[in-house]
Each structure stands twice: as C-alpha cells, then as structure tokens.
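Next, two complexes with chain A in common: one pairs it with chain B, the other with chain C.
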Partner chain A sequence: MISRLTVSERHLALFVLGALALAGLAMAVGGRGDPLAVHGVIVLAASLGLGFLVLSALFSPEPGESRLAEYYDDPTKAGIVLSLAWAVVGMFFGVWVAALLAWPELTFVDSAWASFGRIRPVHTSGVIFGFGGNALIATSFHVLQRTCRARLPDQFSPWFVLIGYNLFCVIAASGYLMGMTQSKEYAEPEWYADIWLVIVWVVYFLIYIRTLARRKEPHIYVANWYYMAFILVVAVLHIVNNLALPVSFGHAKSYSLFSGVQDAMTQWWYGHNAVAFFLTAGFLGMMYYYLPKRAERPIFSYRLSIISFWGITFMYMWAGAHHLHYTALPQWVQTLGMTFSVVLLVPSWASAGNALATLNGAWHKVRDDATLRFMMVAAVFYGLSTFEGSFMAIRAVNSLSHYTDWTVGHVHAGALGWVAMITFGSLYALVPWMWKQERMYSPKLIEVHFWLALAGTVVYVFAMWNSGIIQGLMWRTYNDSGTLAYSFIDSLVAMHPYYIARAFGGLLFLTGAVVCSYNVWMTIRMARVARVPAKGDVPLYGAAQAGE
Partner chain B sequence: MDIDHYSVVAFAKSWGLFYLIALAVGVTVYAFWPGNRKRFDRAKKSILDKDDRPGGENDGN
Partner chain C sequence: MAIEKRDPVTGRVTTGHEWNGIEELETPIPRVVFFFLAVTTLFAVVYWVLMPAWPVGVTYTRGLLGIDQREVVMRQVEDAAVLRAAWTDRVGAAGFEEIMADATLMQHVRDTGRTLFIDNCAACHGTRGTGGPGFPNLAAGAWLWGGDPETLAETIRVGINSTSDETRVSQMLAFGRDGVLGREEVRSVAAYVRSLSDLPLGEADRGRIEAGKEIFAANCVACHGEDAKGSTDAGAPDLTDAAWIYGSDAQTVFTSIYSGRQGHMPHWEGRLSPVDIKLLALYVGTLGEDAR
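Moving on, here comes the complex of A and B:
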C-alpha cells in the first residue's frame, strides 16, 4: 500500500511520523510517573512502527499516472477491517459489562482496570467511535468519490485521518483502563487526546471540501450533506465541550472551563448532538447512498430528503436540554429542549419513511437479500427509536424513564437496531465492490448474522423496557405512611432476570459481529486467491513490471 | 445595557423564532423551486450508474 503513495507523499508521511514520534517522546519524558507517559510511549511506538513501514517502501518506483483514472479505495478497505475489529472488541466489552451487572463477581482479575467504571467506557467508545467512527470514515471516502465522480485530492491525508483517528481511539480506550477520564459521557478522553482529534478532524473536513471542489457532478448528492454535517458539527461540539485547562503539560488530568449547571448543559448539548450528528447524520448519509444502490431504485423523494436534512440539522441543536429535566437548569430551557425533541419526530420520520418508500416495489429483494434486509430493519428501528426518543423527552414521561434502564434500552434500540444494522448492511454491500468480488464469501452467513443481530436487539430492548419501567415504578411507589415502598436493593433484585436476558441479547449480537468479521475476512481471502492464478497466467516479464 | 440572563432569554425567544421560521420557509422554497427539479432528478438517478471511474475533464458541468 505504501508503494502506491507518490514519493513526495512518502516523504511527507515520514516527516509527520517524525514529528509525532517527537511529541510521543516529549509526553513519555515529561509525563514521568503519570499515565500521560504511558500514552507517550504508545504514540512513540506507533509512529516508529509506521515509520519503518514507510521506510521499507521509500525507494519503490513512483506510481504511474494511470492511478488517477481510478478511485482511491485503500483507506476505505483498511477502514472496513478496522471497523470490524473494533466492533468485536467493543461488543465483547459490552457483553462483559452486561454480565458484570448480572454477576458482579465476573471481574476475573481482582484489579482496578477490570472494574465496571473503567471497562464500561471502553465498551461505549469502542462501539461508537471505534466501530461506528471507522465505518463512517471508510464509507464516507467511498460515497464522496462516487457521488462526486472525483478521486480523493491526495493519497496521504485520508491515511492521516484514518490512522490518526484510530490512534485517538487506542489512547482513549487505554486511558480508561488506567482510570483516566474527564467524567463527561462520550467525551471521556483527556485534553491531549482531544487536541489530537481536532487536528485529525480538520484534515478530514478539508478532504471533503477539496474533493467537492473537484466534483464532476453539478449537484452535491444528499448523502454528502449528511456526512458534511457530521464532520462539521462534531468538530464544533468536540471543541466546545472539551475546553479545559490541564493541571500542567506533564499531567493527564485537566479541569473543564465550565462548572455547575453550565457544565451540565454544555455536556448534554454535546452528548445529545453526538447522538444526532455522529450516530444519526453520518449513518443517514450511509443510508441515502447504500440503500438505493443495493435496492437499485432511486430514493423515493429527493426533495423530502433535503427538507428532512435541514430539519434534523437545525432542530437537533436545541434538543439536548431534555437530558436535564428536573434539574437546576432553568425551566424554560428544559421546555425548549422538550419541544424541539418532540418536533424532531417530523424530519426523523420523513427520513425513515423515505427509506421505506424507496423499497416499495423492491420488497421481493428485501425478502431474498439479507444485506438489503439489514438496511430495511435499520430504517424501521430508526423510526421506532426516534419516536421513542421524542416521547421520552416529554417531561412527564421522563420523570418515569430517567435514570432507569429504559434509557439504556432506548439507546440500544438506536445503536443496535439502527446504527449497527445500517452499518452491517452497508459493509455487506461495500465489501464485494471494494475487493472486486461478485458477492460476499457466504450469503448464508449474512442470513445467520441478520437473525442473530435482530434476535439480539429484540431480546436486549425488551429486557430493558421491562426492567426500566419496573425500576421507575418501584422508585416512585409510596406506602400508606407516605414513605417509599421499596428500598433501592429491592429494585436491584427485581432487575436480576432482565440483566441476564440483556447479557444474552448482547451475546447474540456479538456472535453476529464475529460471523460478519469471518465472512468479510474470507471475502478478502477470496480476492487474494483469485489474484494468484492470474499472476501465474501472464508472461513473467510483464508481471514483474506491473508488480505493486 | 447590561447583558444578563433575561436579555439572553429575550433574544433567544424572539430571534430564535424568526430565524427558524425563515430557515423552514427557505428550505421549502429551495426544495420545491421548479428550476431545481432537473438537478435533483439527475442527482438521485446518477448514483445508480454502474460506471465506477472518476469523471473525465469534459463530464458534468
């Protein structure tokens, strides 16, 4: 892959890796006993390792001009593999934390890193940023090039984004295990990781702008609008919510610039928009490209997709306050958040309906093709969970649902049913295109994965609905003398069977992800095997010149 | 004039309303503008194209 970079791109890569190695060295030396030093060593090792990789192909011949007549898909391929690797790791940690809630003794090792508080963020970041983020980056490069009919502007910056982003994910996950956190949900990584992500994200945005500027299509296809909103808004959210002052440059710990209710509001403005722009806008971009492509039917209404795009973009921004009902946040801000959350149902259902209406006339394909069925089920779950979200944002409903497992169930209806399903569907469509195969290694295994994923999601969500509503009701039941009828431990005991069911549902979903990874891996091997006899079948003289 | 909590509230409640209505009207007009119909139709159909190569110099615009 390195030899496909131009010589000057290889030099640039070496320069950037050298600078990164120096930064890692400074962190390792300056951090002394602090966990920051461990991260310094990780950064140093990663940049040296990649540096050697670049050096090994530094003097390969310059790639031919013919490459410019093709799309640049190497980063997409690597992103798909990374995404699935994170899926397995992140979902494994998810099953583990779920099991811990049912059987608290399952820490195995009696040490701090294996405690619930540390491995739970490894699960959330692993699946959201590792699995979801890599899938978004990989598919966005693919969709961007196809819908613009233009090749990526250069070959270095997509690698910088992909590898830099994964470095961020590794720093984040290893930091949690060492007990480092900003204590902000979905924004746990400390200040230096945050700064690094800003740099990576700016380059990502520039790739988008530069490719759009080179586009051969007069109109920017709606999927790109969603991907752009995802990139731009995540940058804004990430920068504002992570404004913090480190204790010193040699320490990992930092303190937020906000305090009290302002801090809470900023965090949930971030937190809910992370759901909106990371877990919704980006994946809607995926849906608007891969679903029509796989169904071989144009999107039902292009106009509706534009209207729902602007609706989602502008209304989500105001919805975050619904996370802070019945808190010190001013009542009118809570009401504002609630109102916008309810109105959001309109553009959300417009998108879900648009997707399902696109399939009208292709239902026989949905029946026969598990890949398309993944996307169809994703659209259904998108509609269900946005309805549930609007409902739960209403203050009176929230008084029952908040702090209970209902919230956890809602999040997973969205994350498993919508985000993961649309991702798996898109990857099953994308992998054969990327590795130039007729189809995936095993359509049967896609079918197996589909039912594992659907069963896992349904078991999970039903378990959490039950346990959440029981919890909520037990917490608000009073006896004749006006005191609480149940102690907290009573509600905990009542949860036990549901926690076991939840862990089982998660296990089904994890198994599906493992099946998917195997299927993708075998498809990649199929492509390799197909290439070998072809090599033997051409004159040796020509093959030596065409070598990669 | 001091900028306190109430002036921020007043600003949000008045201008917030206006700009969101303006946005809604603007987006609807853009989506239904007759002149845009052709490019939207082209955009929604052209992604189904099977040709998997970047466009040449003379394609598109």
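Moving on, here comes the complex of A and C:
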C-alpha cells in the first residue's frame, strides 16, 4: 500500500513518524517510573515500526497517474478491518464484564488489570471508539468521495487520521488496564492522549473541508452534513471536557479544570452530546448513504432531512442536564435539559420515519436481503431508543430509572439496536464494493448474523428493562415502619437472573460479530482471486486536477 | 439530472439532484411532524412557566408553582422522620426489657433491623447473621462478649479491636509462633480442645488428650476459663460448644493456637445513630430465634 503513496507523501510520512517517535521517546524518558513511560514506548514502537514499513518502500517508483482515475479507498478498507477487529475485542470485553456482574469470581487472573473497574472502560471505549469510530472514519471517506464525485485531496492525511486514531484507541485501552483514567465516563484517556486526538481530529476535519471544496456536485449531500456535524461537534466537546492540568509533563495523571457541579455538568454535556454527535449524527450519515443505496430508493423527503438535521443539532446541545436530575445541579438547568429532551423526540422520529419511508417500494427487498434488513431494524431501534430517551429524561420517570439497569438497557437499545446494526448493514453493503466483488462471501452467514444480533439485542434489552425497573422499585419501597423494605443486597439477589440473561444476550451479539468478521475476511480472500470492477464508480475530480 | 423527474413508485417529484445514484423526493413534511412539534413545544413552554426554568443574570425564573426540589426533599425527609418518630422515639426512650415485651415495637425492630443489618453488617456476618470463617455466627447463641441487648449494643457501639478509643480488646496469643509452646505441645492442646466438643479424633490425637489437658490448665484458663467455657471479660470463646469462629478441623484449630487470632469488628458509634444501634442490638438478639 505504501508504494501507492507518492514519493513526497512518503517523505512526509517519514517526517511525521520521526516527530512522533521523538515524542514517544520524550514520554518514555520523561515519564520514568510512571505509566506514561509505557505509553511512550508504545508510541515509539508504533512509529518506528511504521517508519520501517515506509522506508522499505521509499524507493519504489512513483505511482502512475492512473491512480487519480480511481477513488482512494485503501484507508477505508483498512478502517473496515480495524473496525471489525475492535468490535470483536470490545464486545468480548463486554461479555466478560457482563459475566463478572453475574459471577464476580470470573476474573480468571487475580490481578488488578482484570478487575471490573478497569475492563469496563475497555469495553465501552473498545466498542464506541474502536468499532464505531473506525466504522465512521472508514465509511465517511467512502461516502465523502462518492457524494462529492471527487477523490480525497491527498493520500497521506487519511492514513494519518486512521492510524493516529487507532493509536489513540490503543493508548486509551492499555491505559485503563494499567489503571489510568480521568474518571470521566467516555472521556477516560489522560491529557496526552487527548491532545493527540485533537491533532488527528483537526486533520480529519480538514480532509472533509478540502474534499467538499473540490466536489463535482452542486449540492452537499445530507450524509455529509451529518458526518461534518459529527466531526466538528466532537472536536468541541472533546476539547472542552478534557481541559485539565497535568501533575507534570512527566506524569500521566492530570486534574480537570472544572470541579463540583460544574464538572458534572460539563461531563454530561459532553457525555450526552457524544451520544448525539458520535453515536447518532455520525451513524445517521452512514444511514443516509447506505440505506437508500442498498434499497435503490430515493430519500423519502428532502425537507424532512433538513428539519430533522437542524432539530437534532440544536436540541441535543441542551439535553445533557437530564443525566443529573435530582442532584446538586440547580433545578432550572434540569428543567431545560428535560424540556429540550422532550422536544428532541420530534426531529429524532422524523429521521427514523424518513429512513423507514424511504423503504417504501422496497419492502420486498427488506424481506429478502438481510443487509437491508439490518438497516431497517437499525432505524426502528433508533426510533425506539430515542423515544425511550426522551421519556427517561422526564424528571418523574428519571427518579425511577436513574442509577438502575434501565439506563444500561436504554444505552444498549441504542448501541446494539441502532449503532451496531446500521454499521453491520453498511459494512455488508460496502465490503463487496470495496473489494470489487458482486456480493459478500456468504449471504447465508449475513442472515445468521442478523438473527443472532436481533436475538442478542432483544434478550439484552428486555433483561435490563426488567432488572432496572425491579431495582428502581425495590430501592424506593418503604415498609410500615417507614424503613426501606429492601436492602441493597436484596436488590442484587433479584438482579442475578437478569444479569445471566444479559450476559447471554451479549454473547449472542458477540457471536454475530465474529460471524461477520469471518464473512468479511472470506470476502477479502475471494477478492484475491477475482475482481469485478463496478461500473461508473470513478471520480470526476482526481487529485491531480486539484493541483495538489 | 433532469429538473422534473418523477419517482415511478410514489409518483412524487425529486429534488432534481443525484449523488452517485441517490435521489431525494420533494415530499412535503407530514402534518403530524408539525403537530407533535407544536405539542412538545407547548408542553415545554407551560413547564417553563410553572417551574424554575431560565437563567436571568444571577438568578433564574422561579416558576408560578414556586416549587424548589431542595425544599421538596427536605420536607419529605422531615415528614418521614415525624412518621417514624412515632415508634423510634419510644425505642429511644424505653429500656430493652420494655421494648422486648411490646409486640408492635418488636415488629418495627424486626422490619427495620433487617434492612439495617443487611446494609451494614451482612458483608461480614452474612445476610442472616450466620457468619463465615473469621466472622462469628450471631445466630448461634454462642457469645464472645455476651448476648444480652445491653452488651450487644455496647459491642456494636465500640467494636472489637477497632479504632475507637473505647474499643473492646481481645487477642488469642500466638503460642507456637511466639515460642511459648512447641509444635507437639500445640498439637496436644489442640487435640484436647477438639475433644471438648466431642469432635472425632484420630488415633494419635486421642493419645495426646491427657498431655493437652495439662497444657491447657497451665496456659489457657486465664482467658478461656477452667472449664474452657470461655470468658466474656476477655472476649474469649467457649471451646466446648459446636460454634467455631475460624473452624473446628484439626488444622484450623492448630493454626488458631499456633499463630494466634485477632478478629476486627468495626465500631459503629458516629456512623449509626444511638437508636439504630439499639435497634440492631435487639435485632441481633432475634437472629437466633429460627435456629433455636
């Protein structure tokens, strides 16, 4: 793949990797005796390894101009593979933590890294950032080029984004296992990892802007609005929530600039908008491309796309406070969080409805084609979980649901039912295009995966609904003496069967992900034998014409 | 990119653009969307008018209902306390005898004591107070310091070998490790101790009983008593009954005597209210009821 970079791109890569290696060295030396040094070594090793790869192809001949007549899809291909690798790892950790809750002795090894508190963030970051993030990056490059009819502006920066992002993910996950965390949910990585992600993210945004500027279409397609909102807002959220002062430049530990209730509010403003702009906007972008493409139907309503886009973008910004109902957060902030969450339901359902109505005239395909069915079910779960979310944001409901497994069930209705399903559907559509095949290696295995995923999600969500509501009720039931009728342990005993069910549901879902990876792998192997180029899948605007 | 292109399935016009094969229809926004937008917005506005909602400089709009979550919760806590005081005041004022004679009060003790016990004590003593290795069974009626409610309340208040200044202090000395007794002597006295509660002994151990009895008389009676029935002054357990803190098998008894033991029971004064401690003392007293 390296020989496909131009010679000057190879030089640039070497320069950047050299700088990164120096940074890694500085971390390793400056952080002696601190876990920071371990990360320094990881960075150093990664940049030396990649540098070696580049060097080995440094003197290969300059790639021909013919490359400019094709879209640049190598990073997308790599992103797909990385995404699935993270899916399997992240979901494995998920099943493990779920099992730990049912059988706490299942740590296997009696050491700190295997404790619940450390492996749980490996699960959440693994699936959200590893699986979801890589899928977003991979699909966004693909969608961006196709809907702009322009090739990516250069070949180096997409690799920088993809590899840099995965380096961030590795640093995050390995840090958790060593006990490093900022103790902010979904923003656990420490300051140096955060700074690195900002750099990567800016380059990502620039790729978007530069490609859009070169587009050969008069209008910017909806999917790109969503991908752009995702990139832009995540940058803002990430920077603000992670403002922190490191103990010293030789230490991994840092202290947040915020404290007390301001900290809580900043964190949940971040946390909820991560749900909104990472897990919703980004994947809506995916949906707006792959669903109509696969169904071969026009989008139901352009106007609906517009109002739901702006509705979602505007309303979500206010909603974070609903994570802090009945806390020290002033009540007026809670009111705003709650009311905007309620109104938010309308644009959310408008998006889900727009997707489902797009399938009008293609329902027979939904029946026959598991790939499209993945996307359809995703839109349904998107509708379900946004309804549930708005409902749970109502203070009175929240007083029952908060701190219970209901929240966990809600998150997974969104994460498994919506995010993962739309991703799998999109990948099944994308993989044959990328590797120039007529179809996936095995349509039957897609069918198997679909039912595994659906069954897993349903089992998971129902288990957590039951468990959460029972928990909530047990925690608020008083007896005649005016004492809480149940102790905390009583509620744990009541949870146990549901925790087993949840671990089982998760296992089904994980199995599905493994089946998917196998199917993708076999498709890639098929591609080694024969290529079936797609007609018309070429840019109108190659890189050379941009004069870059 | 025809300007007036119609979708054959729905008969609707497209917007006229096309991105890599994707088109969009010019479908007007369904009415129902506006309807729900209006309903939810109306709900929001009404809620803003009634409840604390918008910041205004350094203050905020308080809402027509004048509801404040902090006041609400304070009032609820006060009301609950008043309701509970109907019986907790009586528990606080009455003596143990009097409470135990009052069936309604004892019902409150059982209800409330159970939750208090499980939330605070079960981690060590088990949900039913039956303990486990190292943590005594509170339902066996075999007490270290005494099982009457006054004594139990005191034990709970100050703890055992705890960090409280008033803590009860007890220790089983490490006779073997500290060199007071040799290995064989420890084995003998262990055999004797185990014979006291009629535990099955091996051939060799049976021959050690006599020697063990003498060692016991010389070393152990100060705390465990002449008859080995323990002493509530030293917090030393009865060695003749079936209740064991650490275990009754030969190896465990050997270890108890060879390496010594010192259990730690936290003190609860300052963490639980005097009434709660009283309730727990009474509740712990009822734990053995099922067993007995």
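Remarks
The criterion applied here is as follows: the second predicted complex is superposed on the first by the 530 of 548 C-alpha atoms of A that agree within 3 Å, B and C clash if a C-alpha of one lies under 4 Å from a C-alpha of the other, contacts with A are read in each partner's own complex, and residues count from 1 in each chain.
In this text, contacts are C-beta pairs under 8 Å (C-beta built on N, C-alpha and C of every residue); 3 or more make two chains touch, one makes a residue touch a chain.
Please read all numbers here as calculations on a predicted model, not as lab measurements.
Using the contact criterion defined above for the overlaid structures, shared-chain residue A:114 touches neither chain B nor chain C, since it reaches no partner.
Of the two partner chains placed by the overlay, only chain C lies in contact with A:346; chain B stays clear of it.
Contacts of A:480 after superposition on the shared chain: chain C is touched, whereas chain B is not. Counting residues of chain A touched by each partner, chain B versus chain C, the larger count belongs to C. With both structures placed on the common chain, the touch criterion links A:458 to neither chain B nor chain C.
In the superposed model, A:88 lies in contact with neither chain B nor chain C.
Look at A:69: by the touch rule set out above, it reaches chain B but stays clear of chain C. Of the two partner chains placed around the shared chain by superposition, chain B is the only one that A:151 touches, whereas chain C remains out of contact. In the overlay built on the shared chain, the residue A:303 is in contact with chain B and with chain C. In the superposed model, A:235 makes contact with neither chain B nor chain C.
Touching of chain A by both chain B and chain C, each in its own complex, is seen for residues 146-147, 149, 217-219, 221-222, 289, 292-293, 296-299, 302-304, 307, 330, 332.
Remark: chain A residues 146-147, 149, 217-219, 221-222, 289, 292-293, 296-305, 307, 326, 330-332, 334-336, 338-340, 342-343, 345-346, 349-350, 353, 357, 360-361, 479-490 touch chain C in the complex. Within the complex formed with chain A, the residues of chain C that make contact are 7, 9-10, 14-15, 17, 19-30, 33, 36-37, 40-41, 43-44, 47-48, 51-55, 60-61, 67-70, 73, 80, 83-84, 87, 107-108, 111-112, 114-116, 118-119, 122, 127.
Per the touch definition, chain A reaches chain B in the complex via residues 68-71, 145-147, 149-151, 215-222, 289, 292-293, 296-299, 302-304, 306-307, 310-311, 314, 330, 332, 433. Taken together, the chain B residues at the contact with chain A in this complex read 5, 9, 20, 23-24, 27-28, 30-32, 39-48, 52-56, 59-61.
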